[in-house]
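Consider the two complexes below, in which subunit A is the common component and subunit B and subunit C are the respective partners.
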Partner chain A sequence: MIAIAERINGQFLDVKAAIADKDPAPVVELAKKQTEAGAAYLDINVGTAAADQQDAIKWLVETAQGAVETPLCLDSQKPDVIKAGLQVCDTSRGVLLNSTPLDKKSDPEVLDKYVEMANASGGSIIALTMNVEGVPQNVDNRVAIAAEIITKCMELGMTPDRLFIDPIILPVNVPGAQEQPDNILAAIDQILLMSDPPPHITMGLSNLSQGTTKRSLINRTFLAMAISHGCDSAIIDVLDEPLVDVVATAEMLMNKQIYSDSFLKAYRSMAGGRR
Partner chain B sequence: MPLPPVKETYSGQVNEITLGGGDRKSVTIGGAKTIPHGGDREATGRRPVIAVDVLDAPPEDWPPVLADAYADVLQDPAAWATKAVETVGAELLCVKFDGIHPDKGDRDADHAVQVTRKVLEAVDVPLILWGCGNDDKDNAVMPKVSEAAKGRNVLLGTVTEDNYKNLTAIALADSHFLISQAPLDINIAKQVNILVSDMGFPLERLVMFQTTGALGYGLEYAYSIQERECLAALAGDKLMAMPQICDVGYEAWRAKEAKISDEDAPEWGDAARRGPLWETVTAIALLQSGVDIVRMRHPKAIARVQAYINGLWGSDA
Partner chain C sequence: MIAIAERINGQFLDVKAAIADKDPAPVVELAKKQTEAGAAYLDINVGTAAADQQDAIKWLVETAQGAVETPLCLDSQKPDVIKAGLQVCDTSRGVLLNSTPLDKKSDPEVLDKYVEMANASGGSIIALTMNVEGVPQNVDNRVAIAAEIITKCMELGMTPDRLFIDPIILPVNVPGAQEQPDNILAAIDQILLMSDPPPHITMGLSNLSQGTTKRSLINRTFLAMAISHGCDSAIIDVLDEPLVDVVATAEMLMNKQIYSDSFLKAYRSMAGGRR
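Here is the complex of A and B:
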């Protein structure tokens, strides 16, 4: 599992305050704790509060990468913010650009921009199965958009091993959204058949349980289901121990890790090394 | 539109380790980035190495075909080691301390230390120093053997799930390499590696050993597990990325097909050819699984397997 650790995000109040005060301590601590917990990438998201997002992401990137060796996942829907982050990011350790849809009304070439930035830095991208019409509500449209993304990426010189497809999880308690988790699993099955090697499959897991009463349980149950369908990455709270236990167990049951009596410990000691 | 490459690629690799060195000869094993004969010559890593067995005491149960090959040196481990290097062409020796086993002479630590010192003096190839398999005796004797070989970068064997603390601690203190053993069980193999690693022993200094099965006696189990261990290493499992060793000599010569005399089985063919062939076929079959060190005994079998290795991996790799 390529675990992308979600906590360095300006939507969390501690990080929001750290960005506002330029106080490195909370960011450094989160970078270290998440790395120890097995993060393969640290997500870096300035949130919406920062007055100057480009300035904020530069500061976050420099602060996080100075604290740990873990590669970063630059998280913004705005190419200019990603670009600013890349200017100061040590991409020699790898970098993931998170995220772009296939296209959008305001920016039809947005995928091209992310691919070009990733190609220039030797990094990877997360592409959402989403287009000008928004998030598809069924399996077929998700799969069709994924096919277009894979094709376009290959035309632009990005091989599928550097492409993470995110089939987009919506909160399960949003009206009409309860059929989406099953749709996503069906879409994953088909997306993995589209190329060899297949693209990675990732997801912003915590979104699934927004506003529910059993967040961790819902997250980890669905992640186990997704892993059984070939999902090999997720943006998760790596500090959620039961969740990481489920990842270790699901991967072991899928024969991706050899069982040993200490398999939970083995997973943690190896996680992060697998990127 | 560029097509992505369709060949099998692996993200991990088998650790590369160098035994010996310093003022002595060295041998480097491991390093594979693909399965044996997986396509890329440069990705297959170091060629496998034969470790020629030298026993600390004269073997009591060797069949004549095998014992005759070393008849002049069976009483003297140093002379045996010299012969293995100079006549048989060994670049790695495995000194097996069968003679300390309570049922096989029960020799003491002084004996084992003397054997170690003499062999180290007699030859300058790297050594494997392998206990008798009796936990209590190994715990009493092998730490002293380790100490006697301090600084020589030897490979010490073996630690198991139930008995790993003593030898791990002493191998760590003396900077040796260590063999983790499992009874034809990949899950236990991983567990032993974790236990040893928990004591602070570097994973990069471990070699894995699955109790070997000879041709006709479980070879396919050993093969499957060794192959799966190799694939786990190639898939990036750092806890399974160690080079592997197997014990062909001992196992092949336990088989009745290898050791039974011409008088007892005249229809089975000439025993002088049959035994070495049994050992040869066992070794060559197991080499396909991705094993890095093969312990062997009969000079004829060793020569055949060495020729096979040279032919496929090249003699200079």
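Here is the complex of A and C:
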């Protein structure tokens, strides 16, 4: 599985403070620890508090890529912030642009912008099954938006192997949202049949358990389910060891890694190579 | 999920000794502990060592059902042993007969026998996707055998809600067997589309991890996957708390139990009611 490590994000207080103080130490440590834990990409998100987001992402990109060889996943809803990050990013390692909806009212061409930046840098994008009307609550609309995304990307010269579809997982404890996990699995089943090769499937897993009392248990149980439906990527806390154990076990059970008595250790030593 | 508790089985040394000595204490304790842990049925298997299997199953049935109200799952490949168990079993609680293949060389009518005994007692059966040629190694043959089982059961007056199909999970560490878990999930997807209502799906989960170094982790990861594909029963070690935590979480994620901050506790208090 292509694990995108979530912790270099200005929504976490340690990273927020590091950005404000331009203190590289916490970012360097997270870059190293997440790489050792098997991250295929390091997510880089400046959060909403940074005074100058373009300046902040440049600093975060330079700090993280100076510490490790792991490619980065530039994470912002704003094309200008992604663009700034790309100006200093070593894209020869690969790069992932995270994320864009199909379209939005304030920016109908937003998907085009992400695709163009990814094409220019040889990178990939994460596209959300979301459009001007927001996040669909049923399977059919998720699938319909994914189909439009795949088609548009192909028209723009991006093949599905460089496209990660994110079906948008919502917190399961919100009243009315509890049918969404099963809807997402059903949507994954259908999205994977749409093209050959199919797009990658990823998701911001931690969102599922926001506000619940059993975050890691809920996250890892759903990720096992999603992997069995063909999900091949996720934005996760790679420092959550029981979660990574489940990823390794799920991949072994899906015959993507050979069984050996030390399969958990073998998975971690190979994980960075999956992208 | 309909949890069938596996521990009252003569293959375990404590139960083997209890049967040999006709010592009820270990059996009574397992019956109580497994019931408290949320068993919907208690599996009753005399193992292969018992001198007189018919005598042994009668003693086990009487001992277990005298200790708790939980219905029993009579477990033997021999119709005569099941028949002996039924003679003393309180079938007014419900009963499950475990298990029969579609047919076998030495007994072409074996499925008919199990169905007739279940019909006479108002119980259900577990039927294995296996025939005279053995256990199929691919999806299509598993599904084809399941179709024959469903058709034959309907002809004999057994509706699919009283039929549990077991797609037969094999140890994942056996060379060549590592594609079977995914095959089984694909088979479950198809079997559930065969009738309305569909049959139940169950599996002898512990077999998956025989001989591996991470038994509980492998079992619970696969069970989460299987639940997300519609598996609604399993023969499991209900005393394995992390496994039952995953079952509770998987059922909550599949919207079969409402989310509350105490969903793990709520699951256990309700589990016995699921059958």
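Here is the rule we use: the second predicted complex is superposed on the first by the 275 of 275 C-alpha atoms of A that agree within 3 Å, B and C clash if a C-alpha of one lies under 4 Å from a C-alpha of the other, contacts with A are read in each partner's own complex, and residues count from 1 in each chain.
The criterion applied here is as follows: contacts are C-beta pairs under 8 Å (C-beta built on N, C-alpha and C of every residue); 3 or more make two chains touch, one makes a residue touch a chain.
Bear in mind that the values here come from a model prediction, so they are computed numbers and not experimental data.
Superposition model on subunit A: subunit B and subunit C are shown accommodated side by side without a clash. In the superposition on chain A, A:Gly157 makes contact with subunit B only, not with subunit C. In the superposed model, A:Ser269 makes contact with subunit B only, not with subunit C.
Shared-chain residue A:Tyr259: touches subunit B and subunit C both. With both structures placed on the common chain, the touch criterion links A:Asp196 to subunit B but leaves subunit C unconnected. Rounded to the nearest 10, the angle at the Cα centre of subunit A between the centres of subunit B and subunit C is 70 degrees. By the document's definition of touching, neither partner reaches A:Ile44: not subunit B, not subunit C. In the superposition on chain A, no contact is made by A:Ala127 with either subunit B or subunit C. When both complexes are overlaid on chain A, the residue A:Gln178 reaches subunit C alone and has no touch with subunit B. For subunit A, the partner that touches more of its residues is C, with subunit B and subunit C as the two candidates. In the superposed model, A:Val95 lies in contact with neither subunit B nor subunit C. Note on the superposed arrangement: subunit B and subunit C approach each other to a least C-alpha distance of 5 Å. Put simply, subunit A uses residues 258-259, 261-262 to touch subunit B in one complex and subunit C in the other.
Across the complex, subunit A meets subunit B through its residues 151, 154-155, 157, 159-161, 195-197, 257-262, 265-266, 269-270, 273-274. Those residues of subunit B lying in contact with subunit A across their complex are 1-2, 4, 6, 11, 186-188, 190-191, 194-195, 197, 228, 232, 236-240.
For subunit C in complex with subunit A, the touching residues are 172-173, 178-179, 181-182, 185, 212-214, 217-218, 221-222, 224-225, 227-229, 245-246, 249-250, 252-255, 258-259, 261-264.
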